[in-house]
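Take a look at the structures listed below.
Next come two complexes built around chain A: one with chain B, the other with chain C.
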Partner chain A sequence: MSDSTTADDAGRTDASNPLVTVDGLRTYYESEQLVGGKPVKAVDGVSFEIGRGETFGIVGESGCGKTTLGRSILQLEDVDEGRVSFDGTDVTTLGRRGLKEWRRDAQMVYQNPMSSINERMTVGEIVREPLEVHNWETAASRRERVQELLDRVGLRPEHYHRYPHQFSGGQRQRVGIARALALEPEFIVLDEPVSALDVSVQAKILNLLSDLQEEFGLTYMLIAHDLSVVRHICDRVGVMYLGKLMEVGPTERLFTSPQNPYTRSLLSAIPQPDPDVGADRITLRGTPPNPRDPPAGCVFSTRCPFAIRQPEHEELGDEQWAAIAQFRRMIRERASSTTLERAKQRLGMGTQFTPIREVAEDLFGSLTYPEAVEETLTRATELVADGDVTEARDLLDDEFSTVCEHESPQQHEVGNGRSSRCHRHREEYREPGDYLRDAGDYLPE
Partner chain B sequence: MEYTPLTERVRATPWPAVVWLLGVCLLVAIELGRIASGLHNIGGAVVTAAGAGYGGLADGLASGGTGGVLTAVGLLAGLWLVGLGVVTATRATVVLRVTDRIPLRSQRLLDGLAFGLCLGVVVGLAVVTGAVGVVHALGDLLQSGVARLAELPTLTARETIPNQGYQTPDGTWHGTFFGLSPALAWGLRVLLIHLYVAAWLGWLWSGYQRYRRHYRQADWTPRDDVVSRLRYHRWGQFGLLIVVLFLTMAAFAPSLGTAPANQNIYAPFSNSITYYDASLGEVTETLVGNANLETRSQGYPGENVSPMTYDRFDRFHPFGTLTNGKDLFTFLVHGARVSLLIGLLSVGASALLATVFALISAYYRGVADLILVVTGDTIMGVPRLLLLILLTVLLGDTWLGGLYNGGVLLALVLAATGWPFLWRAFRGPTLQIAEEDWVDAARSYGQSATGIMRLHMLPYLLGYLLIYSSLVLGGVILAVAGLSFLGLGITSPTPEWGRAVDLGRKFVATESWHISLIPGAMVTLVVMGFNAVGDALRDAVDPQSDSSVADASETESRGGGV
Partner chain C sequence: MSEEPLLSVENLRTTFTTDQEQIRAVDGVSFSVPSRQTLGVVGESGSGKSVTARSILGLVDAPGEVHPDSEIRYHDPTFVQQIARKYPDQVQWDDDGDGFVTVEAGSGEGDSVTVERGSVDLVAAPDTVVRSVRGSEIAMVFQDALSSLNPVYTVGNQIRELLGIHQGVTGSEATERAAELLESVGIPDPKRRLDEYPHQFSGGMQQRAVIALALACDPSVLLCDEPTTALDVTIQAQILELLERLQRERGLSIVFITHDMGVIAQVADSVAVMYAGEIVERASVSRLFDDPKHPYARGLLQSIPGLTGDVDRLPTIDGSVPTPNEPATYCRYAPRCPKAFEECETIHPEHVSVGEGDHTAACLLYPESAGLAERLDRHHDTEETHE
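And now, the complex of A and B:
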């Protein structure tokens, strides 16, 4: 874990020889419905590398698939597609035996220390179990190793015979860490290791983790939603949104000059001690879309304040644009409702949609639009009122949709070891940073 | 505080253990004869069952056709299961030494098959070559040794405190313990038996406390809380008392009864008693069967022997007599044995099935769960009484139906029809346990499926297992009594509580009210006792029911600060 003030975060990363290489990883959860359900795309085409001895962070809102990503890398989930290379071997193709052997090298520390250790076993038994599973030397040496591990994570020898009930959350997390270390792994996935702990304990656990990394030469993948934790201990960070990795880069540079619009929005959510700086925060509208039905183009396009607009709409105000986006979202929703849902509505069983004119009045009543836009909106409203929801959707798509909604953005290289998924990195568009400066200069650079 | 094996801890401070073990030896020595005779009986039953099973297998194989094929398949499956058990227990590997291409799970299954086949071949060879004779000889030797031990006198035996005798006109009793009246002698024996049981229970409790104080390395375990909650559960303690009395009744039936079962119930016309005949003016001998005919309880004052009275042959009847003149108390204590055996066998079997199936459905889910749900629901969908009657009638004539007068068959049928109810109760909690992070964590360091089920899921299921088993046990006792009442299940003359209720049905409103009422009240009481124990266990195991543990900081602080 390099100091966060170091100028070059990537210094310790041996890029030419990564320990873990993830390539196009996809993990879908099958729908619970028997017929016609869509799978949840928890992890959808993620690629990155983790260098030896590095701490790689994954951040994102809850539900973005970061835990699933960690579990997929450890083969705790059935991976649908893609490769995970560990030290040169593709672990997704390992057989049962090979997988069991490999598990010695890759371990996990869980988020909730209250549920991650079995309360019917003593601490000694808990830490000893991985050793027993892998037939570690002799019984005596196993016991010795457990004592050693307990000592190393800051527990006392007499804790060997205690039960988890007798420990606080921080101590339990230490037990979980000792268990993860038992088999001398090279790589540990830390799934929000401190988010369930008291703030006063968090720092101690984080320091312990960094000491252990130094002592045993561990490689960490830290999953977190607490950005300050990530900034504190990670060498590089990946930002995840709806199953996609939006931006990857060295921590300091990613925090000081975020490239991707989503990263910018996420970072601006960090409370600033200086009230003047916090004034121009980017507030994200709405909630993340349902991962069962992600947007067609860029996954962030439905909420993106930087979305590419057609040239004639560039001058529309933020509020006007947001109302149109909301209107289109609602019409899309209506257009995609299934026959069964529509039949239910006829019978008065399902949720009734608000009459479209009321919706339009609500959204656009207080706003003024250029004539051409006004006309399109009115026509769309009329179409929906006449029952032609699909036609209305197509009309609006013709008028407003851009590359953001058609095409999934590529991972663009954006300078020294960084990559970002956004169409604005393409030559024909303005970079997100430039765009913002032009649009009103409301993000501090 | 390093971990040390129990033997070393005992060696370090031997006295508490030595004293305790001496006490155990003393308690065993007092009753060595009874324990040996119990072992002798169990050994005999096992030999009989094995013989019957072997006979059934041989017949099935010899019959050829579908029956032969079915028997062969069953035999192979049985061998495979045994082999699988051996492989799992010993962690031995066969296939792995030949090839490592086969996935681990299939390896285990193949290893099981290999071990099972080897076992089958060895046993088969032994039977063919006559080597099995050696086993027989060894068994016989063992049996005779145990039989000799069984002849040792015991403290609570009928012979130590005899209660059968006769009274001469001068009022003195002959043949009883120190010339006491039969009622007093019998009462003394009953008291002694219960004191002996109480001594055992007290000594076991003292052993547990000695272990906690001197040998246990953990200063606290989750079980301690369960025990301490049970200590203040009065309703549960009442239930436990009833259950202990019932268990004592079953265990000590031969010496609790006023007369030996063989003499009074099974073969009354092959045994005789002596009594003082007033009309002849001398001590006479008569067959028990003939005596019984004159002591029947038929509902009117002239022909009735009430509870706590003597009959005209100077026999004491604490619960009166049955309609056929047999002693009701003797009948009931031996009936307790039958009820308990059927109850334990059927609940044990169905709890085992239900636990294994619940673990499988929760761990694997999907298709495995679906198959079990369909199977369980199908069994639950058929009216249980109908299924019970059907199966007992259908299988009654096979060798299985002959074991223990149909008791074993009844227990197995009850288990086969009863497991879905237990499984339903277990499935929910087990599904919840399977979702826990520690199960996932165990998977992440490569623990096997069976290992996860055994170490990380089963311990959480044990509480439910105890609770529901004790509740179901009461139900089984009731079901067996109910079936006997209907004239099904256990055949005469084997004593069964339900049959006593049935016999006395006509006389409920007469002098002979005791025949139905006492067994009926006892069934109710025992079922209530088991339910109370189940309730208490639930309250003790489920921390939510306990308010005093709300103070979590106290337990946490004992671990020391972070």
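And now, the complex of A and C:
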């Protein structure tokens, strides 16, 4: 966001001297079940760096772990593995006192600041609280400091004695920002700071944040699901999906030529405020998998339109392929239903599945397949009809699954300071971009 | 948009009266929705978008009230004929009379009247008529899917109940129909889903189920109030695609309310921009984005981040949306308008044509071809003839 460099400049910040380094961070939420429960891998091996004075964005859909990541970096969550170093110090090892000291330097702005503080306090008290907790100078100078902060974020002195409910959404967010600034931090995690605001108010808060960054030399990590906000304000962006960082890179490059299939799909889903933009977007099927039970290989493999196919299936049409994927999703879902559910189902109690032959007819009836594929599909259908759902799943896995479903992809360097997790970056496969070009042009721009 | 409208709203005014003040949430709004098209209604929170939709379906609760001079006309000939036969003494031919059923083209009378063109005014019509419209002719999809579903009944039961009440379909036939509906909104394995509770559905699935409920009685008009705002962008794309398909397959007319200009650009054929209870600009979607006329519409488009490309600061609109609590004898946008001049505070702007098609804006800057005095006169005059 600094004004001396263009948006395309990757090296705007001092990358050799990062302020925050996150290395292999993992945060798991334990299962509530006593035995046999799996933890939710909210953040699963995330690494990146944030340079001084930089704005680093994290985008992703709800439930991808972006907020947990922000909270983990600030040590508001217990981290299971990995390191977070701030200015060279590993903060995951800090004790209570050390943490308290450090938190002067690292603050957070929440989506709805009022839900996280006492509504019975006046705005002045809210902003003053962190100063008191940290015994900041004298009472008189605290008061003065609060007035100064209110003024700086665009509130008036008389607001000091007002209560949060008397404020509009934009003003409340200003209070939240003033509070975060109180202790002169170096680093602020902004968690969806504008997503609850109308677009015209949103623009004002974004402008304020960028002014403050310039004035105080702040480093930001911005968590957002709104990609246009991220594009406007961030220098570099990380795209998250199901606890993993799928792609990291300088904002403009990432937006104009996304490398990872998920980034591409996400970008192409943004409705463009331009009616002339064609409707050739990639619409992802289904929803993100349950983070308690993530796919075995690449986390995106269950929805990926670029998934690697076995060579003999390369020629299948997109429609044919999508139908198979849908069929497999459904069978996987049935296979993972509990034994009790299945027993009830057999007895005709409770949940009623749509008869599998009907499903198969709906999905494949109007499509033609090579003989071998046809045969496998029919066999799988018969297996399910006979009650062997697991066997049907395994059969389909044997026939159709590839590296995408077995192996979690590495982070590949894809040039210009970017990295992306996708098997297609490996030499033996076609790059996502090339694959797309062959399959017909879907590019968002 | 010269086609016959299916739904038209004329001078709609919905007010909420409290001890202290009267809030004119919707203050003289007019628009029409042509058959099989989508009208986008866009504006910030507090602009009156949702109240407009609720007014159409008679869902405004006390202390809210739709002003009796407002007109909400539903033009489906089959429906008009059915009502005309049921209420013969309410039928007026053309506009001469005070019945709530207007017949413009048709023949016969009494309970054998046939209607080719006409309309029913839902503001003047009795509650029973409005109820027969609600759900069966005009249905609504709300923003928060989970709160439109009953948490203690299975999704299947809720659809079956609706089919039973509105169409008298029950038993296994209702189950069959419910499964078909879920399938038509893209819910895989529908039979199984029927037995699940709303909380077992993901956010996107819930919104699909709500759309299935809205479609259960085969309406002609769908009012969508921010149906994708609570959803992630990839799920939003799925729901928008679904609505597009349903519109094509079922010939639906859609009123799509949103604050997101990107969504408007994608779904709408024509757009109404609302501000503080009034429509300030009406245009086809391409005209609005290519050449917005009203300063508010311009400001709104400019403040979208990421659109303006490489700018460091976003253009903003100063101040915030005022609460419309007095009659509009001035332009409500004037206090925030970069182009405001003295007269903006004393003359209420009326809609004037600002370009091809039905592109109109309510702003004293237009018509551009006229001099200031002439423009002021024109807005002043229109206002007086309105009283």
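In the analysis below, the second predicted complex is superposed on the first by the 415 of 445 C-alpha atoms of A that agree within 3 Å, B and C clash if a C-alpha of one lies under 4 Å from a C-alpha of the other, contacts with A are read in each partner's own complex, and residues count from 1 in each chain.
The rule is simple: contacts are C-beta pairs under 8 Å (C-beta built on N, C-alpha and C of every residue); 3 or more make two chains touch, one makes a residue touch a chain.
If you're wondering where the values come from, they're calculated on a predicted model, not measured in any experiment.
Superimposing the complexes on chain A yields a three-chain arrangement in which chain B and chain C fit side by side. When both complexes are overlaid on chain A, the residue A:406 reaches neither chain B nor chain C. Once chain A of one complex is fitted onto chain A of the other, the partner contacts of A:100 are limited to chain B, with no touch recorded for chain C. Applying the stated contact rule after C-alpha superposition, one finds that A:271 touches chain C and leaves chain B untouched. When both complexes are overlaid on chain A, the residue A:163 reaches chain B alone and has no touch with chain C. By the touch criterion defined above, A:292 reaches neither chain B nor chain C.
In the superposition on chain A, contact is made by A:204 with both chain B and chain C. Using the contact criterion defined above for the overlaid structures, shared-chain residue A:118 touches chain B, although it does not reach chain C. Between chain B and chain C, an angle of 80 degrees opens at the CA centre of chain A in the superposed model, to the nearest 10.
Annotation: superposed on chain A, chain B and chain C show a minimal Cα-Cα gap of 5 Å.
Note: residues 168, 170, 201, 204 of chain A belong to the chain B contact set and to the chain C contact set alike, using the contact criterion stated above.
Looking at the complex, you find that chain A touches chain C at residues 1, 3, 6-7, 61-62, 168, 170, 198-204, 206-207, 210, 225, 227-233, 265-266, 269-277, 279, 281, 283-285, 287, 326, 329-330, 333, 350-354, 359, 362. Note for the complex: chain C touches chain A at residues 44-45, 179, 183, 188-192, 194-196, 202-205, 232-238, 240-241, 259-266, 268, 285-286, 289, 299-301, 303-307, 310, 312-317, 320-321.
Remark: chain B residues 1-3, 100, 103-105, 217-222, 436-438, 440-448, 451, 455-456, 459-460, 555-556, 558-562 touch chain A in the complex.
Residues of chain A that touch chain B in their complex: 74, 76, 95-97, 99-100, 103-104, 107-108, 110-112, 115-122, 124, 129-130, 133-134, 143, 147, 154, 156-163, 165-168, 170-171, 174, 176, 179, 182-183, 201, 204.
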